[in-house]
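See structure below.
Should a chain be cited, it is by its letter among A, B, C and D, assigned in written order, with residues numbered from 1 in that chain.
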Amino acid sequence: MNCVEIKVRGYHLDLYGHVNNARYLEFLEEARWAAFEDRFDLKEWQQRGLSFFVVNINISYRRPATLGEILEIRTKLSHIGNKSGVLRQEIVLKGTDTAVTDADVTFVIADARTGKAIPLEGTLRSEFEAFL
Amino acid sequence: MNCVEIKVRGYHLDLYGHVNNARYLEFLEEARWAAFEDRFDLKEWQQRGLSFFVVNINISYRRPATLGEILEIRTKLSHIGNKSGVLRQEIVLKGTDTAVTDADVTFVIADARTGKAIPLEGTLRSEFEAFL
Amino acid sequence: MNCVEIKVRGYHLDLYGHVNNARYLEFLEEARWAAFEDRFDLKEWQQRGLSFFVVNINISYRRPATLGEILEIRTKLSHIGNKSGVLRQEIVLKGTDTAVTDADVTFVIADARTGKAIPLEGTLRSEFEAFL
Amino acid sequence: MNCVEIKVRGYHLDLYGHVNNARYLEFLEEARWAAFEDRFDLKEWQQRGLSFFVVNINISYRRPATLGEILEIRTKLSHIGNKSGVLRQEIVLKGTDTAVTDADVTFVIADARTGKAIPLEGTLRSEFEAFL
């Protein structure tokens, strides 16, 4: 599991004084990049023409987050199939188990030349399995 | 069904030259507001202290959208329960049936004083049912 | 002069219920693209490897804009030099002269291969001068 | 002077693979909040009904920032007048003096009840002067 912290600022909020729904997707993306650069050789991905593509996000908004709160974003792999995987991302108030948002993020690794999802096997699969 | 158009601009794109995942949630929100102001008396909502809250979004990314493409966002009600409803939102390339993104957006109408979801009944329910 | 309209939505607002400072830069960019595609052959720019780059923005926030207000964004060229120009962009409440925001946007046209600003001459200059 | 770091991610980029112009304003706002919470009693501001409002930003884009670069944002007070002040914010590549972006941000402190700028005097002035 990988953990990232973000402090809620005024520009994250919307009409209701809550973090906006769309902004959480940026928080989740931030956490994914942070998790990945710890575990994967992203330069090698680039050389091999591999891209990480999200194909589905199922996100539940549990409790509004407001100004000054510190959010902890936990990212782990919850499933890996032949050609796709699912990351489980949970946002909680820092140091508590108070759920703010959680999401299942289904992804594929695509070959930039063909645009097709490649099989998750070999080193790539092992690197992902290290999240489990 | 309500229909809104958005032209893809440079600032909507990300690393891959595609509209960013988070940005689609802004497009969907834009389309919901446009749909709602056509159908609901939003000033009355405000006076009654009612707020529209999204509790879940299940979004699938079907095909990347790129610079200059015109997106058509179709919004309709697909389900209405006692205390929650589901909007179906589909983004296609304008004038075609080429799916770009689609989402099921589950919502409640909350009373601002109690923070609780109110029953979807009476005029409110009729107004939503007009989407079906 | 070119004119674009944007309606203020909940996701444009910040902590204070006002359109966020950063968001105005997206509104201005939207208005520039809309103005440019009316006047320039952007496909030819792309073929010639030309890019529009902003080098300075001097933006004044005159009056907060809030939910539901309709903003009118006026874009015109206020100055053109040998290698750079200045666009004047004014945001007002629609149908009034109530100033919300105004900005001077200094730009260059760069050659993608060299990364250097090219002289604003010939057809390119004439096209810009049509804004004046 | 206060210093904040941000790593450039895919969702910060635009069409050209560079951090988008509007995004820098979010980076600058992030850095201002980080600087302020170190120096000011923001809870007391809230109790007194004081708000920080930006009235002008003059921002120069010096060098594009791209994926994976780490930006260092330096914030200091460069001028303080009777009713307004100017923050100088510089974004450089971390650990270097390579300028990416710099901005002069003119602000007032407004009283939420009257909406007017208050004089920068007493404790408030001393707290700001500590930046100089």
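Rule of thumb we're sticking to: a contact is a pair of C-beta atoms (placed from the backbone, for glycine too) under 8 Å apart; a residue touches a chain by one contact, two chains touch by 3 or more.
Everything numeric here is computed off the predicted structure, so don't read it as measured data.
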item	value
Size of the rotation, in steps of 5 degrees, that lays the CA trace of subunit B over subunit C	180
Farthest-lying chain, centroid of Cα atoms versus that of subunit D	B
Centroid spacing, where centroids are CA-atom means, of subunit A and subunit D in whole angstrom	28
Chain centre separation in whole Å, for subunit D relative to subunit B (CA means)	34
Centre distance in Å when subunit A and subunit B are each reduced to the mean of their C-alpha atoms	23
Junction residues of subunit D, two or more chains touched	10-11, 16, 21-22, 26, 29
Subunit A residues touching subunit D - in the complex, by the definition given at the top	9-11, 26, 29-30, 33
Interface residues, subunit C side, partner subunit A - complex	10-11, 13-17, 20-22, 67
Touch list for subunit B against partner subunit A, complex	16, 21-23, 25-26, 29, 51, 53-61
